[in-house]
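In the part that follows, the structures are each spelled out as structure tokens.
Common to both upcoming complexes is chain A, partnered first by chain B, then by chain C.
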Partner chain A sequence: MSGSDEPLLEVSGLTKHFAQNDSLLRRLRPDQSVQTVQAVDGVDLRIRDGETVGLVGESGCGKSTFGRLVLRLLDPTAGSISYRGEAVDEFDAAALREYRSHAQMIFQDPFGSLNPRYTVRETLVEPMEVHDIGASSAERVQQSTELLERVRLGAEYLDRYPHELSGGQRQRVAIARALAVEPEFVVADEPTSALDVSVQVEILDLLGELQEEMDLTLLFITHDLSVIRHVSDRIAVMYLGNLVEIGETESVFTNPSHPYTQALLSSIPNPDPSATPDRIPLAGDVPTPIDPPSGCQFHPRCPKIVPPEEWDHDQRIWRELFRLRTRLANGEIEPDAVRSTLVDGDERADDDAVVDALYRNQVEERVGNATDRAVPDSAATVAREALAELVVGNDDDAVARLEDAGFVTVCETEEPDLTTTEHGTDVRCHLHSEATRDHPDRDELRERNREKIL
Partner chain B sequence: MTAENVQRPSRRERIADRLRSARETYGRMGRASRISLWLIVLIVGAAVLAPVVAPYSPYQENYDRSLQSPSVDHPAGTDLTGRDVLSRIIFGTRVSLAVGVGSVLLGVLLGVPIGSVGGYFGGWIDEFAMRSMDVVISFPALVLALAIIGVVGGSLWNLILVIGVVFSPQYARLIHGEVLSIKESEYVEAAQGIGLGNVSVLWRHILPNAIGPVIVQATFHVALAIIIEASLSFLGLGVQPPQPTWGVMIADGRRYLPAEWWISVFPGFAIMITVLAFNLLGDGLREVYDPQLVDQ
Partner chain C sequence: MTRTTAARTDEADREEWELIARDDPLLSVRDLRTHFHTDEGELRAVDGVSFEIQQGEVLGLVGESGSGKSVTSLSLMKLIRSPGEIVDGEILYDGEDVRGMTGERLRRLRGNEMAMTFQEPSSALNPVFDVGWQIGEPLRVHEDLKKGASRERAVELMRQVGIPSPEARVDDYPYQFSGGMQQRAMIAMALACEPNLLIADEPTTALDVTIEAAILELIRDLTDSLGMATLLVTHDMGVVAELCDRVAVMYAGRIVEYGDVETVFEDPRHPYTQGLLGCIPDPTASTQSLDPIGGEPPDPREFPAGCHFAERCPASVEDCERTDPRLRTVGDDHYSACIWEDP
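Right after this comes the complex of A and B.
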């Protein structure tokens, strides 16, 4: 399925920020500010002629926005898109219209992507009219019939309305519409996720066949890794508007390098036993892209977060203590609730007892779930001190106590660069970035940490 | 174009489509609104065929028959100058419908483009369009109409113009909201994605899907416009005599109450029935277009 090496589409630094609750009046009022959502944040990607690239990520990670940017259905905030060497981001209306005859989109929801008042005929003929395909109406209708046959529907569907069709049939019509302009490049945005499982397979097969028949280049957007393995030549994994791993499908599946990719892969049911180890649970939810985490944006959830080098113990223990720090900083731990539970249970409920209880369920149990090693004494002391600060109401000091003790990581301070791994995949993670290892800032950090308790 | 011979059946098909969807709508309406629909057909027929249907000329004075009570000759009696009240009511239908339909049409023609363009393009265009509509809407409709008519004087065309302008912001708002929600739908994105221009997207994809509530509102507004016309005519600010209108007839007949009640009561009935018919039809259409509203 692989095509030549020439890039059909090249995207660099592509960024899209949405303003929330924006309006003229709001902008004029000094007491109101406009929040921005960083949906796509500086993405670089090259798509070669004839290949299928799978773009994967959880919902809300910006992958659909990315697909729309590439087609200029949305205008980028920054960055460039070039299609066969032409700057798509600078196209005027006429050039954009021309571009639309090369690049098309298949939408996620076949119940929403067809005009309810258009018959199938009207839906298919319209794009041909826009791009002057076919000399007469008769010819266009003829071509529509051929398109319908291509997507395994027949001419008898020409005069149906969307409400007379099933989900799968609608999606076929939507695919036919995208193909009506004879495009080279198609963005398929979750084309199967709104369909029944049995229909999903049919649509996937159809897309695969069409891709070969018509020599299409495909950007396949999905949250479902199991789908993508069968259709894509390459995979790009997206997290909070950034690409964290890009590589050949097989390399990524057999040797996922980014902790996020590993977690995603481990969540596929019935994994290839040789390729993926046990399920890696992700902590928490996807953070909002309104105020994304610093450094590596995955760090609050990352199971492999990098401890400072001075940490000689199990990484998992360090990770749990780091997460304790995050929870303290977010005000997620409520000592009063613990205290009232103790009171209700007729137990001792002075400050020490509360600290003990907190330590047990915030540290000991969690570490116990992650590993069978015990928390080293020095770390346990720091954690208790921090919790004690929390119990007497000094939330900020609690966080500071942990920070001072070295529970800080390069993952939250520095954004990792894209690095090529031994498996030929590009990964954005400190575990793989050599450059960061020798970073001067990092040396400094190490020096500072030496003097501390750890 | 060579397409000519192909185009024709497709146009016929389109008309067939319209008919089919109209029949569908009719099929889904309740009994009350179906009856109203036929009543409206009857009223419109009376207006169009007034010279044929009316037993007398509405202007023909006959002092021998002044102030006759309803009889076989004059089913709705006669007025002071002996004019046949029924004939005048039938001819009055013309003014009422002209004002009702004309002003609503004008309101739609003004409001829908303003609201839909604002909603579709957003930004300062939207702010400007909708804020200016807000200014118009902030006056009570009848008071505004009264004030303008007071200045420009009453005539059929002035009435249509004024009531149309007064109604237009409501259509602007209605369509604005619809367009805002529909423009987010994927079929609109798809239409943009195939390279269709903004005007075509708005005209072919958004408006046909947004117009339902406007049609419902228009039906109610026809009734309201008829009432406004009658009120203004009653106050002598509407269509000028001797042109028969229901409002003027009620105003004239008021002086002969209660003895010669037929002069004002029959035109009153005419207004009531017409308004009721349009309102019931509006209700019926709303149920068809917006089933959720009825569930609530």
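Right after this comes the complex of A and C.
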């Protein structure tokens, strides 16, 4: 399916920040600040002629924003988009109109994306009129009929309104509308997620057939990993506005290299009840893109976070203590609540007892859930000291105590580079990072970390 | 009520539910019919559905949109409002007729003995009350707990469903919770009075896949540890395979296949189930040909006289348009409503 090596679309450093709650008043008031949502944050991607690239990620990761940026439905904050060597980000209105006859979009919701007052005929003829396709209106209607046949609907649908069509039929009309201008490149944003499974297959098949017939290049955006495996040549996995892994679909599915991709793939419900799921659970929720985590943005949830060289024990123990540090820093642990529980239970409730209780449910229990090895004494002492600082109200000292004792990681301080793995996929993770690889002693460390993790 | 399908008789209804009956069901639904009286005619959303749930078991009610699965689950708690009406059938909760319940008895059933979680947690939770208040509400209503006590129980429940730092979050409002946490809060609310039956309507549909996995595991754990029964309403066969012990496949207001989940998935007998399973992309397969079913479900105002699936069925013969197939045994704990035993 892949064409020449020259990319059809090349995106580099593409960034889109949205201002939240922006208003003049807010900008003028010194006590208020305008927060920015970093929806897309420096994405590089090349799409070759004739291929289907699947962009996958969870809700809020910025995948739809990315789709809109490449079509210039949104203007990027930074970065460049080049289509057949032309800078899309610098297009003026006329060039943009011309661009839109090459690049089109199919939206998620076929109920919202068709004009309810237009018949199918009007819906299909309008883009042709805008882009001067067809010499007369009779010719355009003729072309519309052909388009309808192409999407497996007949000429009898020309005079229907969207409300007379089922979900699957509407999505076919939406596809026909995108194809009306004979585009080379189509962005399909969740084209099947509003549809039932039996209808979904029909639409996926249709897109596949059309791609071959019309030689289309597709950017297929979805949250559904089973669908993406079915349709894509390559996939790109997005997390918090950044691509974390890019590669041939089969390589990514058989050898996922980024811990996020691994967790994502392990979470797909398998339609085989006899299969035993081997889940990689992720801690917490997706952080907000308003204030994304430093370094590798996945590090607060990452099960494979890299401990520093000096740590000689189980990575899982280190990970739980690191997370304790994060919770302390976020003020998530409330000693007062624990104290009042102890008081209610008629138990000893002095500072030592509170530290004990906190240690039990914040460290011991969590480590116990992760591994059957015990917390090494030195680490246990540090954790208790930190909790003791918290109990007497020195929150910052509590965090500092853990930081000083080595509960810091490269994952939070440095942003990993994109590295090519042995499976030919590109991945953004310190476990595979060049920087880690260059240092000879780091190399050994990496092996050791791997052993600890596996 | 006059039946438009002459082929379905009371005699056949009885045979069907006697066939699938098991010992000691917690809930048994017999030939349930819920219709909506609309201007354009009688809409037969649920058109003769029979199934049973036992203590400690998860039954999956699976079907595509419009198949009647949500209306079925609402009917179980008598939550159907005009123009809808349960026109026929029996719902037996622990041997007691739910359709006949009114007033105080019905109130005790809802929330106390049976509890339900809804599809969109963001719209099912009340935005103007904090989460702790809402989780504690069933306890104040059903168990007469005072404000403070209900809040304490709410914290415990929040811990049970895996909401981190519940002491700190009990005073939060729903908007401060993420989708997964809202779903957990709703499950906590449903579990407050330790119901015997949990009805979970599309509990993971609005959630991301990593969060979905955690919620499914939670429901499984709670069903096992509390010994309750769960009716899981979903459109996702993957979720059914993951979580359920038994499954009922719904199509156009009827159950077309019913039985043990492994048996049904391994050896589906009804052409609709076969079609449905045949068009799910398998995340573990590198190459796979998916076959669409083709066609559209019938209009619930004008169901055909015979099999509802006949029009789209690859195995249909002339007879299918006349006979109205009922569930029949096709294997050990495996029932299919098709004139063919093994099409």
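Note that in this section the second predicted complex is superposed on the first by the 419 of 454 C-alpha atoms of A that agree within 3 Å, B and C clash if a C-alpha of one lies under 4 Å from a C-alpha of the other, contacts with A are read in each partner's own complex, and residues count from 1 in each chain.
Everything below uses one rule, namely that contacts are C-beta pairs under 8 Å (C-beta built on N, C-alpha and C of every residue); 3 or more make two chains touch, one makes a residue touch a chain.
The structure presented is a predicted model; accordingly, all values stated were derived computationally and were not measured.
Engineer: State whether chain B and chain C clash or fit side by side on chain A once the two structures are superposed.
Structural biologist: Verdict on chain A: chain B and chain C fit.
Engineer: Between chain B and chain C, which makes contact with more of the residues in chain A?
Structural biologist: C
Engineer: With the two structures laid over each other on chain A, which partner does A:Thr326 touch: chain B (first), chain C (second), both, or neither?
Structural biologist: neither
Engineer: Quick one: classify A:Ser144 as touching chain B (first), chain C (second), both or neither.
Structural biologist: In the superposition, A:Ser144 contacts neither chain B nor chain C.
Engineer: Looking at A:Ala337, would you say it contacts chain B, chain C, both, or neither? Reply first, second, both or neither.
Structural biologist: Second partner only, chain C.
Engineer: In the overlay, answer first, second, both or neither for which of chain B and chain C A:Thr222 touches.
Structural biologist: neither
Engineer: Given Cα centres, how many degrees, to the nearest 10, is the angle at chain A formed with chain B and chain C?
Structural biologist: With chain A as the vertex, the angle is 70 degrees.
Engineer: Looking at the overlay, what does A:Glu126 touch: chain B (first), chain C (second), both, or neither?
Structural biologist: first
Engineer: Which partner does A:Leu265 reach: the first (chain B), the second (chain C), both, or neither?
Structural biologist: second
Engineer: How many Å separate the nearest C-alpha atoms of chain B and chain C in the overlaid structures?
Structural biologist: 13
Engineer: What residues of chain A sit close enough to touch chain B in their complex?
Structural biologist: 23-25, 68, 71, 73, 93, 96-98, 100-101, 104-105, 107-109, 112-117, 119, 126-127, 130-131, 135-138, 141, 174, 177, 180-181
Engineer: Which stretch or stretches of chain B touch chain A in the complex?
Structural biologist: For chain B paired with chain A, touching residues are 1-3, 6-7, 10, 17, 123-124, 127, 185-187, 189-197, 204-205, 208-209.
Engineer: Could you pull out which chain A residues touch chain C in their complex?
Structural biologist: Its residues touching chain C are 58-59, 166, 168, 196-202, 204-205, 223, 225-227, 229-230, 250, 253-254, 263-275, 277, 279, 281-282, 284-286, 332-334, 337-338, 341.
Engineer: Which positions of chain C touch chain A when the two form their complex?
Structural biologist: Per the stated touch rule, the residues are 64-65, 164-165, 167-168, 178-181, 208-214, 216-217, 235-242, 244, 261-262, 265-266, 275-277, 279-286, 288, 290-294, 296.
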